[in-house]
Structure formats: structure tokens, C-alpha cells
Amino acid sequence: MTATHHTHHHPAHAHELSKTDPRVKLIAAKMKKEGYKPDALIEILHTAQNAFGFLPKEVLDFIAKELRLPPSRVYSTVTFYHFFSLKSKGEHTCLVCTGTACYVKGAQALLNKIESQFALKPGQVTADNKLGVQVARCIGACGLAPAVVIDNDVHGKVTEEAVINSINEKIGNI
Amino acid sequence: MNRHELQAIVEKAKDKHKQMKHKICVCCGAGCISSGSEEVLKKLQDEIKTRGLDKEIEVVPSGCMGPCNQGPLVKHLPENTIYQHVNCENLDRIIQSQIVEGKPIEDMLLFADSREKPFVNASEDPFFKKQLKIALKDCGDINPEEIEDYFAVGGYQALDKALFRMSPEEVISEVKQSRIRGRGGAGYPTGLKWETVYKYVSPQKYVICNGDEGDPGAFMDRSVLEGNPHRIIEGMTIAGYAIGASKGFAYIRGEYPLAIKRFEQAIKQATKHGLLGKNILGSEFSFEMEVRIGAGAFVCGEETALIASIEGKRGTPKPRPPFPAESGLWGKPTLINNVESFAAIAPIIQNDGEWYSETGTAKSAGTKVFALAGKINYSGLIEVPMGTTLREVVFEIGGGIQGGGEFKAAQTGGPSGGCIPAEHLDVKMDYESLTSLGSIMGSGGLIVMDQSSDMVDVARFFMEFCMDESCGKCVPCRVGTKMMHDLLQKIYDGKASQIDLDRLEELAVYVKETSLCGLGGSAPNPLLSTLRHFRQEYESKILKEA
Amino acid sequence: MDKRKIFISPVTRIEGHANITIELDDNGNVSDALFHVNEFRGFEKFCEGRMYTEMPTITPRICGICPTSHTLASVKACEMIQGLRPTYTANLLRRLMHIGQNLSSHALSFFHLSSPDFLMGYDSDPAKRNILGMAEKFPDIAVRGIRLRKFGQELSERITGKKIHIMGIVPGGMAYPLTEENRKALLKWIPEALETVHLGINIIKKFHEENAEMVNTFATSPTLYLGTVGPGGEHELYDGKLRFMDGDGIILQDQLDPTRYLEFIAERSVNWSYLKYPYFKPYGFDRGFYRVGPLARLNVCSRMKTPQAQEEFEKFKHMSGGKPVHGTFYYHYTRLIEALSDVEDAERILKDPEVTSLNIQHHGRWNYTEGIGSSEAPRGTLFHHYKTDETGKLLKVNLLIATGQNNPSMNRSVLEVARQYVKGDDIKEGMLNRVESTIRCYDPCLSCSTHALGQMPMVIEVKDKKGNLVKRVERN
Amino acid sequence: MNKISVTIDEKKFDVEPQKTILEVCRENGIEILTMCHLKGIIDIGACRLCLVEVEGINKLLSACTTKVAPNMSIKTTTDRIKRYQRITTELFFAERNHVCAVCVSNGKCELQNLGYKVELDHIRYPHLFPQCEVDTSHPWYVMDHNRCIMCTRCVRVCNEVEGAHNWDVMNRGHQVRIISDFNTPWGQSTTCTSCGKCLHACPTGAIWPKAIVQGQLEKNPVMVTELVERRKMKL
Amino acid sequence: MSKKKLATVWLGGCSGCHMSLLDIDERILDVAKLADIVKSPVVDGKEFPEVDIALVEGSVTSDEHHREILHIRKHCKTLIAFGDCAVMTNVTGMRNYFDLKDVFETSYVHAISNDHIGLVPDHPSLLKLNDKVVPLQEVVKVDFVIPGCPPDADTIFYVLFEFLNDRIPNLSEAKKLKYG
């Protein structure tokens, strides 16, 4: 049971970057707005991750070149923050809060249930990329423990069955 | 916009409120939203409009009201009647009975399902009665997305006062007088900090609001940022004026998208109203503000790491001295305060320092916000005067242990804090008392545990957290937390010997004393405090013969 | 079917890494004997992914008795990868060190471990039947043995600064030259060492005479033999070609480059031992068992390189009319003949004027991705085989260890002894001693396989199919 | 420049202000143990070996990052400091796979020497045994993460002295690793100039030249210091 | 003073430490004056007797070693971890970075010189290897350690001689501390 540590594997399905890709344009615009300042790296990475869902290597390369930053500096920053992901998190995500309140109220049992149901450990994505499971250290919804975030919706005071049902609904597994 | 133009707008906003007979707040804190409050809000707004009541009844989304696990909550002002578990189905009853007929609905009142006699005026409920809201004032009563709502409750008056009627020195002196201490956890006197930054001469200084609330089990900052962002902007701007900074950064956790959205919106509104930017309210003082989004690293709550993160780097702490007050963001003098500290600034300036210092205890003035969670009947967000006892918090405000269980311990201060066992239930919640029990105030997470919690597991849980969140720069924290975690796991698994326990204790003290930053320095706290109060739980898991 | 098993194990197995199971058929006859070797450390796995140039430092840790042989085989494999030959002087120094190790190992085997049996007798007090007991009863011989070993160790120390797990052998040569002072100091040892070896030869010969029957009937089944020989078929330890010989003395393969070992040697994993069973590939698993080590080396070689050793070698050859000697007991004798050769050869090298030259290393980069090296460890031929990627990272490591190659024969010898001494529940006296002696003859390299040094404390338990104890025999 | 007076281990010294405690101690022949400090590159206070006690300050301070102040009273060899130095050393050894016996830097290793200095004869904590990569892709050098102690001297030398910034650190906590470019093989780096400064800066056998074996390693960290000094003189 | 009883034991290691012990050469006779070596790979002896000093080489790699070291601990007064493998697993522990199954298969199934029959030994009479190799101190209390791969003969003699004369050696003071 560990948090979502990103390993150094690069995404299997690499993207070819095209300057006309609207997502690339979005990143380019953000960099321009920030004046290509290296200080804005994290802000730009946020934009890039929002656009792509994760940070493909080509995107990092693009950002490093535009900001004139050494590649290792970009990579080191990306891997420091849990928010950034080097691989796809999956089309749908289920994020289980493992903050203290949720832990006390059975977050681990939820994770076990998810693992037994979908064969996914935190940080893993199904082979078809449909579903990814993550853990968060605290989503700040302690009053609703245990809480999960399925796609972007917070579900509070969930039961094991409810989580499984919600996930199945999302991934069309009914 | 100058101050007179602002005054006009403020008056207008106040007038508008006076015209309204009722104000209905639908809690749109993150907790209630996830229980479906946004639908409730929309339906309520539509319904009021359909019934043509929108001239006299104002329906607004508000920030967190406190009792999060009873949500979605709907509050009726001025009666201050709170309804719990409101949904689109039972909403009609509220409209009909409460709004149209003016009759409260007993079975929907807050805590109706657990109290014999729920209170129509929520402030009479024990949950609220012991509370005193300074930082959280207006949070839950106003619409955080409208600056006018903040104006209507006296917003930005403190800024006006500071800019035009006080010198920077006077502002600092007032903050010192209030005896407020850093609400981020360490409890360093805020006024002293301001004064230090003020004393360093530099053409450029910065103010940073630390909103990277990473403790598992804490959501105070989130609620303030979501529920009353202008209060923070005002506090930061006053700080900027006092220390001579022209730029502020609000560093907010990436996990709080709503807080980020509302804060960015608030900055726009404030800038539009001349409360941020060049020559604020026509004064000589200029101050800009930006939001920086945290990217998921607990260590960024540490000042120097947070600065590195704002500079776009890995959030690794630096040895202090030099302190950020001398050499902070981009090497410039920098003031960093926590969200809750900034939230208290406007009231301190508006009233005065002495007023604030009257609340609380001799060494810990004012109030403290706690996020109450765990095996407790009423969890949620509370604000109490410093010195309130743990027993009052758990049993009077929190309504006791869930499911009739027995109180075993309360964990305060998250992964940097410790556990307080039942025999210390009467401890006064202030900096010194908690520290003397081996815990800390921390940012305000308060998790209540009953007999079902295994304290070794709790220590292991927090150690795992620290191990994962260690930045990896210094040896004691990088390796020590991993080593302690593995030893705790070994003990928990019943495979450890007395030698392992001795090693663990030695390591804990070592990591505490030698780590580079506060994360490592406090990482052993949960372990040390559970060892102190629950040693028998460890010993019972130790193999007798090695 | 009431198949019964006899399980032999050291009593407490405090020191034992090997044990034996003897299987009986329905009639109580011995059907099989399984020699279990319990040592496994996984070098082949954990070397993968490392730089090949680290191997000369890692592989000596396979064994503390023959570390130099491992380093040499390893460094030769590295040199093959680099396409590099060591300098003349480096070869001299390596030979010297290798001689040193061979000498100290043989001295240990004979004087420390075996001579107590020969001089004090198998029936003497076990507590005294060791080198310390020797020191009391035969102080001169004991000290001489210790000093012969010391000379061997000193050869390593004076060349590389370390006695065990030396670190001066590098691809292309040696890291340190031999100083004149050290050369002289080493030369001083020669007369004493020669005397000691001759003393040992006399002891073993006397024992042979007094115990002729036992010596000549002791595990004498013919096997194939493998050893390294020089270009003229002469005895060789450091650098030469392989020669396979069959039990009748017919040369099966000669002047075989060690890099072709895979064509002639295969290994089989067996479920009862952590030591694999190598065999001569053309003959297959059932017929291809071969032996290595001093007996094998002397059986396969045509002559010794030095005069005194040659003289003794001729006597040895004479014993079997020029045919290979199969008696396992002759390992002791051949060991001493080799020791003699070692001392003589050491003198020759130390007197070579080039030995103190500073021209000790050729430098180069690597050219190939595969390297194979071999050398003759005291206990026999060993092979190191590395495959790397184009950057020098090891992809595959294969190690064929000397004792491993004797393993099938040891197992067969145990089976022979068992057949001779066991019949149903009736286990004849002497069984334990016989088994132990058999294994000790091979002087199995301690760490490569077992620890069968000294007297292996043993019990034999005969158990029925259900695991119930039928009979238990303890030594003595 | 006006000198200030400080007390180190109960002896008084007049020293130049603006210097760190570490510099002052070294100039006066007082040994301060450290692994992450290398004169000439920026100090980060990460190894925590150079911690000293300063009178009046509760916390232990890293000598490499703390400047001397007038009348400062410093203690460098208290029992507490010695105990912590030993634990730190133990943690270094336990964290990665330091097998001195087969390491190329055996006998010439700063970590090994540190062990001897703190009288470390065994490691009380269980080894973590992480599975670490050996990067052999560079034509001349090897990076063996098994032997890396994360002092980041290579990172800083590469960035500050060579200006290449080939190296950096990825991940965090006990999962940190030194990386080249996008954690790509060193041999494929677009930034490395193959200058070899990282090799000399590296205190252990983590970075070493391919062509050598144990006993032949010569590292010269002082080279980095001298290079920086010479550059300063030219400026 | 009566003679002390000395045992030397070899667990998972290469025997290099024992060889280094023999490298004390003639000085073994000095040791013999003060002690009887009652149990060692190089002398006879049946069961592990009660001893004063036990020098243990090698790491604990199997269930058998585990039992052995517990047994030794019970029957000796001073237990000395002898050499890097015993002290910190050293080369013997290098397999710890990998899964034991992989380690086995590399040697017994996938080795270059293997024939077509590749199987991992699993006979009931074989000892069972532990997943991870551990140093002695992880299993029993160790009274003294001599690191080094192998420790120098001089160091070994120094330690033995001190113990045999009822003194506690100090490797640091004697400048004999060495790893690798």
C-alpha cells in the first residue's frame, strides 16, 4: 500500500506533437502568457496536464525547449509532485482518499474491494485504459469520510458496494 | 477606484441587504457539494423566482457552515435556522413551511435525528454554542463569489483603515498587540514575524499565503478559502502594506479546485474594485496578487519548500538560517503566513489587537479552527477560543463518540502531531498544553479515535505518510522515515523484538533532532506520542524471545 | 511398494552444507544415492546488469580458497571481450599468484586436513585429530605445513598486497609490479618449501604402502577426465587448452580452446542438489561424467614442466602402466606432485629478469560482447562466460565451477560405497567413514559445494515410507 | 575586514565574518565530517553530518550552511553529535547496496572513510536492499545507483561548474534517484559534455570510469574546487 | 587460567574468512595455548558443544542457518560475527535485490550451459533458502563484530587474542577497522 509513485517508465502510447493540436496551442499560449519564465514551469505543467490528462514525454520536451530548461530539471520537477503523472491515469479515474479520517473509517477496505473487483492497485490503470485507481493523502472532505472521487465528483460516506456500482456505471460495465 | 467610490458601493450593498426580508444560504462548501447541494441551490433559486419571491428573498450559495456530515445544509437568515440533509424532494417543505408560512420544520432541523429537541436557532445548539467565530466569521453567511456580499458585512474596511489611518508600524504593532500566533502549526508570533520582514530593507518583498494544507484530516484552510476568499485577500494586502511588499502569492493546494476558482475570481473582483493593483483605493500603496497551484507535495507546507515550489522547482526545503524573512522568494525578504492567520488580520485591524488578545489563554490568544473528524457524532469545522478543553470539543461540540463507543484518543496536528489519550481529555487546547503532552496544535486537524483504533497502526499510518511525503533531500528524513516505517510494520506484524523497538525509539529521536526541515523534525511525533501514551500496545506486539 | 530411504546428515548440521539420501528398493538393495549440496548464492543472477569489468572483483567471492582462479578466469573473459592480451610480465605475475593459491590450497588440504588421518590414524581421538593435535604430536610437520601454506599466501600478498580476494589483476595485465625486495623475499622461501613438499610425498607414500588394499579399492570406477594442458601436452594451471581423456587413457579431445566449452560440456539441473551435474556432451548425461582436479590433471597431461615433479610424475604413471589412475585416494598424491611442480615453477619465474618489469598492463577498449575465460583451480577446471550488451553491461553470466564438475562422480562414489556397505536394515560398520572419506578425497571446494573438511559428523537414519524411523546409526 | 571572535570546542578564534562554521573550522584544523559539501559548489546542508551545537540555539545547525556570528559558541564533538554522525553513516550504508568488497572505490571511498571515522563496525538497521539500475550507456563512465548516497555533488557540479545540467534528481523520499535528461540513459544525454567533473565530485563508487577495476580508481574532488578558485581569480 | 573453548562456524559465505583465520599462520599455536578449537570446519567434532567464543562466518541464508545460529547462540558465551557477510551480508546478500524465484531460474533453468532439462531443485532433504539473506544480528544478539572481506589475519588474531586474555578488543583504537 503506497501512494501513487510514478515510476520512470515512459508512456507506452507516445503522442506525436503537432503544433496545430489545440492542446499544444493551449500550452504554447500559457507559456507566452507567463513570458517563458522558468519560474512558471509548474503552472505550465498544470496547463499541460489539464490538456493531455497526463504529461507525455514529448510535451515535457516541448516545454523544456521553449522555456530553455534542461530536460532533467523539468523531469525532476514533474516527478517530485504527486499531482503530475507521466502516464495516462485512465479514461475514468477513481481516487480513494486515504486521509486520516477516511483511513479510520475504512479507506483500506475500499481499496481492497476495488482491487478484488478490478484487479487494480493504486497507481494502476486497466489494460484498456478505461479505469485508473489512485489514492490521495487527503481531499479535505474529512467530514464525509470515507470519501472517493470518481472522475471529478466527490462521493462521501461511501460503502464498498456504492463505489463499485458508481465505477461500473462510469465505465459502462453493466 | 478610490476609497470614497468604494464607500458608495459598500453602502449600496448594505442597502440591498436591508431590503431583503430573508436570506437563504445553501452551503456550497466542498462537503455539501459532494452531497448534492448545488442541485438544491439551483432548484431553490428557480423556485423562489417562480413564486416571485426573489425581490424579498435572497438565495445565495455560501461557504462551509460547519457540520459537514449533515449536509447538504440550508440556512435561513436572520432566524439562523439550519436544515440538514436537504434534497430536491424535501426542499418544497422548506419553501412552504419555513419561507412562506414562517414555521420551522422540526424533523428537518439540524441534528433532528439525534437530538431530542433540535434548536430552531442553530446558534443555541451545543455544536455552535461553545464556538466563537473570528476567522470563520461570515463564512457560511455570505456568497463567496460576490464581493458585494463581503462588502455588506464590512469587508475591506480594515484595509481602508490600515491604509489611511495607520502607518505600517502601527499595523505591525496592532498585530503584535493581538498576540496572535502562526496558525500553520508552529505558533510563531505573527507580529514578530511581520516586524522582522519589515526591518529588512529591500526594494522588493513578498507576501505569501500558505494554503497548501496537506495534513490528512484537515480542511480548515480549504473552508476559509472557499467560503470567504476576500478575507484572505484583505489580510494579505494589509500585510503587504505593513511590511512593504508589493506582490503576494496565494499558494493553494491543487486538490482544492473550488478554492482556486473562487480565489482567482476574488482577485479579479478585488482588482476591479481597486482593492488590488496600483495605488490601492487611491493611496500610495500598490499590491498585486497571484494564485500558485500546489501540485501535491505535503512538504511544500514548509516555508522554504513552498518558496522553491513558487519558483517553479522541486519543493525541497533549505536549511535555515537564512530565514525567508531575510532571504525568501527569489532571495528577497518574504513573509509567509497561513490562511487562518491571514483570516484573523482584518478583524484585528478593524477592532484592535487588544480585543483579539482578550480571547483565549495567556500565551495563546484568539480562536482556533479545528477540523473535527473520526469516530465522532458531529464532525465538521469548528472554531473555538484557545483554551477550550478537548472534552468540551469532543463531547459537547462533537456530541461524543459515534455508535456509543469509548473515547480512546484524539490525534491533533496530523502527521506532525500526536495523540492525546483519554486521561488528558481535560487538556486545554492551546499551543503549550498540547506540546507538553507530546502533540502539537498543528494546523488544526483533530481526529477522534475509539477503541477500534490500533495505536501502532495509527503511528504506522502517519509514518507511511511522512515517508511518502519526505522530499528525499536530507538523510535522516529520507532514510529514517522509511526505516521507522518498516520497523513499525514489523512491530504491527508481530515479528519484531525488543531490540527493534529500541532501535525505533533511538531513530525517532535522531530524525527529530537532525532533520533539515520541520517535516522530518516532526515526523516521529505520532510515533513518540503513541509510544508515550500507549506503550503497552507496542509491547504486547513484541516477540518475547529473540 | 515399500520404498525406503536412508537419510544421512550431520548430526546437528551445524556445519554441514551437504547431506545424503540413500534409496532402497523393495528387496532392501540400494537403488540410488542422492548427494545433496546445500549451497547457493545466486551469482549468475546478481551479476546481471552490472559492468563486466566488475567481475574480476565480484567472482573471487564465490570461494575463499580459490579466489585467484576465479579472478583469472574472469579477467581472461574480460580480456576476450576487450580483445586484449596481458603483457609478458603480467603473465608471469599471474602465474606466480596462481601457483601461490594452488600451493596454499594443497597445503591446507594435505597438512591441515588430511595428514592427521595419515599420521595419527583414523582411529585416533577425534578431538586431537586436527592440525592442533598435530602441532602437539608432530610439531615439526605441523609447522612446516602451516608455513608451506603461508608461502603460497605470501605470493599473493607480496604481489597485490592482499592474501585473499586479491584485487590487483586487471584486464590487460596487473595493477602493481613486483618489487625487487619482494622478489628476493619470495625466493628465500623456495628451499624450505621444496623440503616440505617432499616430506609430504614421503608421508603419503608410506601410507600407501601400509594401506595398499584400502587405497587401491577405494572408489575406483573409471570416469572421463578433464584438464588443462600446455601446447606440448604438459601440465598447466594458468593458461592452456583443454584435454578430455576417457578411462582407458584415450584422448577424446585435445588442444581444445576453452572458449569452445559449450560444445563439449553441458549441465543438468537435478532436483536433489543445488549443485548442477555437468557432463561430457558427446557422451550424454548417463555416460559423460568426468572428473577434474589434481588427479584428472595428472591423468590427462603428458609430462610435468619441472624436473623434480617430472620425476615424481613418472613414478605415478608407472603405477598404472601409463593408464589413468582411477582410485579416488590418489587425489592426495597427485596434489603433492602438483605442489612440487608449483614450488619449482615459482623459483623459475622469480628468477626471470622480466618478473619485476614495470611493463605490466596493456590498455584497450572492448571490442566484443562475449567473453569466456577458464583456469585450473586447485580442484579443477573452471569456466567463466559473460555476454554483454554493446555498452559493456552484463546480460548473461555463466559460471562452471570446479567442484561442480566432480559432483556427478562424487555422487557415483557415494552410490558405490553405499552398494558395498548397505543391505536393507543392515548397515555395515565403516559406512560412515567410507562415505566421508570418499567425499574428502575430492577435497570439494568448501564454498563451491560442501564443507566436508575434517570428519563429517554423521548419522544415518533409515526411514520407512511413512517417515518412521527404522534404524539409526551414529558414527563411532 | 574586521574579525569576529567565536568559540569552537571551548577554544577562542578570531575569524572573518561571512564565513561558514565549516570554513572556519577547517581553516583552524578542526575536523567536520561531511558528505554533501564540496568546496566550490553551493552547500545544501543535506547530509546532516556537519551538524554542530550552537549555544543558545535549540536546534542543531549544519556547519556548511550556517555563518559564524560574533561571540558564537560552537561545539563540534559532543556525544550527541557523535552519536548522530554514526546513525547517519549507518543510514547511508543501509539505504542502498554498498558492498565495499566488490566496489570499484574500495579503499578510496569517502563513505568507507566516514565509516572508519565514526567507528562504525556494523549497521544496526536492516538494509533496505532496493533494486537499482547500473547505467553503462555512457561510452566512458558508469553510473551505479546502488552506490549513490544522494549527496547531489554531481548534480551541482554539472550545473554550477560545467553548466550542462545533465544531472538532476527525480522522485522524492527514499525513491529519489539521480537522473540524466528525462531519466534517459546517460549515453543518450543531449546535455552531457562528458567532462568527467561529476566523476571526480562523486564521493563513492557510484560514478566511475569504465576502463578500470578495483584498486585503480583515482578521484580528485579537489580538482573541482581548484577549478572554481581559478575561475574566480580570472574574474 | 583454564583453556577457553573456541568454535568457528561457517554459514552462507565463501570460506574466505576461515582462510584468513588460517593466515594467522604459526600464531595458531599461540591460540592453541589459550584455547581448544572444539568445533570448526577444519577440526573434528560431532555436536556443537558449550563454548566460550564462537566465530561465525557468513550470513543467514536458509532455514537451516537460522536454526544453527539460534543453537550456537544458546551454546556460546561470546558470539562474534566474523567477516562482512556475517556483519552486513556483503556479497551473499546481493541476491536480496532480486526475487528468489528469478535468482533460482537464472541458474537452474536459463543458464547458458544447461541442457534441455531445466528445473529448480526442490528436494525435501535440501535446506530451504530464505527469501532474503540477513546478517547474524537480525536473528540473534551478536557480542562483537569483525568486518572485512575477509578481515585481515592480523585483525583476527588481535581480536581472538584479546578475548582469550579476557580483554575486549577495540577495532577502531587498534586501527583495524576495515570493510571490503
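In this document, chain identifiers A, B, C, D and E correspond to the written order of the chains, with residue numbering beginning at 1 in each.
The rule we apply is simple: contacts are C-beta pairs under 8 Å (C-beta built on N, C-alpha and C of every residue); 3 or more make two chains touch, one makes a residue touch a chain.
What you see is a predicted model, and the numbers here were worked out from it, not measured in a lab.
Chemist: Give me the set of chains touching subunit A intersected with the set touching subunit D.
Modeler: B
Chemist: Going only through chains that touch each other, how many steps at minimum separate subunit B from subunit D?
Modeler: Counted as steps through touching chains, the separation is 1.
Chemist: Give the chains in contact with both subunit A and subunit C, ordered by label.
Modeler: The shared contacts of subunit A and subunit C, listed by label, come to D.
Chemist: Where the centre of all protein Cα atoms falls, which chain's Cα centre is nearest to that point?
Modeler: Given all protein C-alpha atoms shown, the central chain works out to be D.
Chemist: Report the chain whose mean Cα position is at the greatest distance from that of subunit B.
Modeler: Centre of mass proxy via C-alpha means gives C as farthest from subunit B.
Chemist: What's the chain with its C-alpha centre farthest out from subunit A?
Modeler: Relative to subunit A, the chain with the farthest C-alpha centre is C.
Chemist: I want to compare two interfaces, C-E and C-D. Which one has more contacting C-beta pairs?
Modeler: Result: the pair with more contacts is C-E.
Chemist: Mind checking the centre-to-centre distance between subunit C and subunit E? Centres are C-alpha means, answer in whole Å.
Modeler: Going by mean C-alpha positions, subunit C sits 22 Å from subunit E.
Chemist: Give, as an integer number of Å, the spacing between the C-alpha centres of subunit D and subunit C.
Modeler: Distance between chain centres, rounded to whole Å: 45 Å.
Chemist: In whole angstrom, how far does the Cα centroid of subunit D sit from the Cα centroid of subunit E?
Modeler: Inter-chain centre distance comes to 33 Å.
Chemist: Roughly how far is subunit A from subunit B, going centre to centre by Cα mean, in whole Å?
Modeler: Their C-alpha centroids are separated by 26 Å.
Chemist: Counting only residues that touch at least 2 other chains, which ones in subunit C make the list?
Modeler: Where subunit C meets two or more other chains at a single residue, that happens at 58, 61, 165.
Chemist: Give the residues of subunit D touching no fewer than two other chains, as numbers and ranges.
Modeler: 101-103, 106, 124, 126, 169, 171-172, 175
Chemist: Which residue numbers or ranges of subunit A touch two or more of the other chains?
Modeler: 5, 76, 80 - these are the residues of subunit A that touch more than one other chain.
Chemist: What residues on subunit A touch subunit D, complex-wise?
Modeler: These residues of subunit A touch subunit D: 5-6, 8, 10, 57, 60-61, 70-76, 79-80.
Chemist: If we count contacts the way the header does, which residues on subunit D are in touch with subunit E in the complex?
Modeler: 93, 97, 99-103, 106-107, 112, 115-116, 119-124, 126-127, 129-132, 146
Chemist: Using the touch definition up top, name the residues of subunit D that touch subunit C in the complex.
Modeler: 101-104, 106, 133-134, 136-139, 142, 144, 187, 210-216
Chemist: Quick one: which bits of subunit C touch subunit D in the complex? Just the residue numbers, please.
Modeler: So the residues of subunit C in touch with subunit D come to 49-51, 53-54, 56-58, 61, 165, 167-168, 170-171, 175-176, 363, 365, 389, 391-393.
Chemist: For subunit B, which residues count as touching subunit D in their complex?
Modeler: 297, 299, 314, 318-319, 321, 467-476, 478-483, 486, 503, 506-507, 510, 513-516
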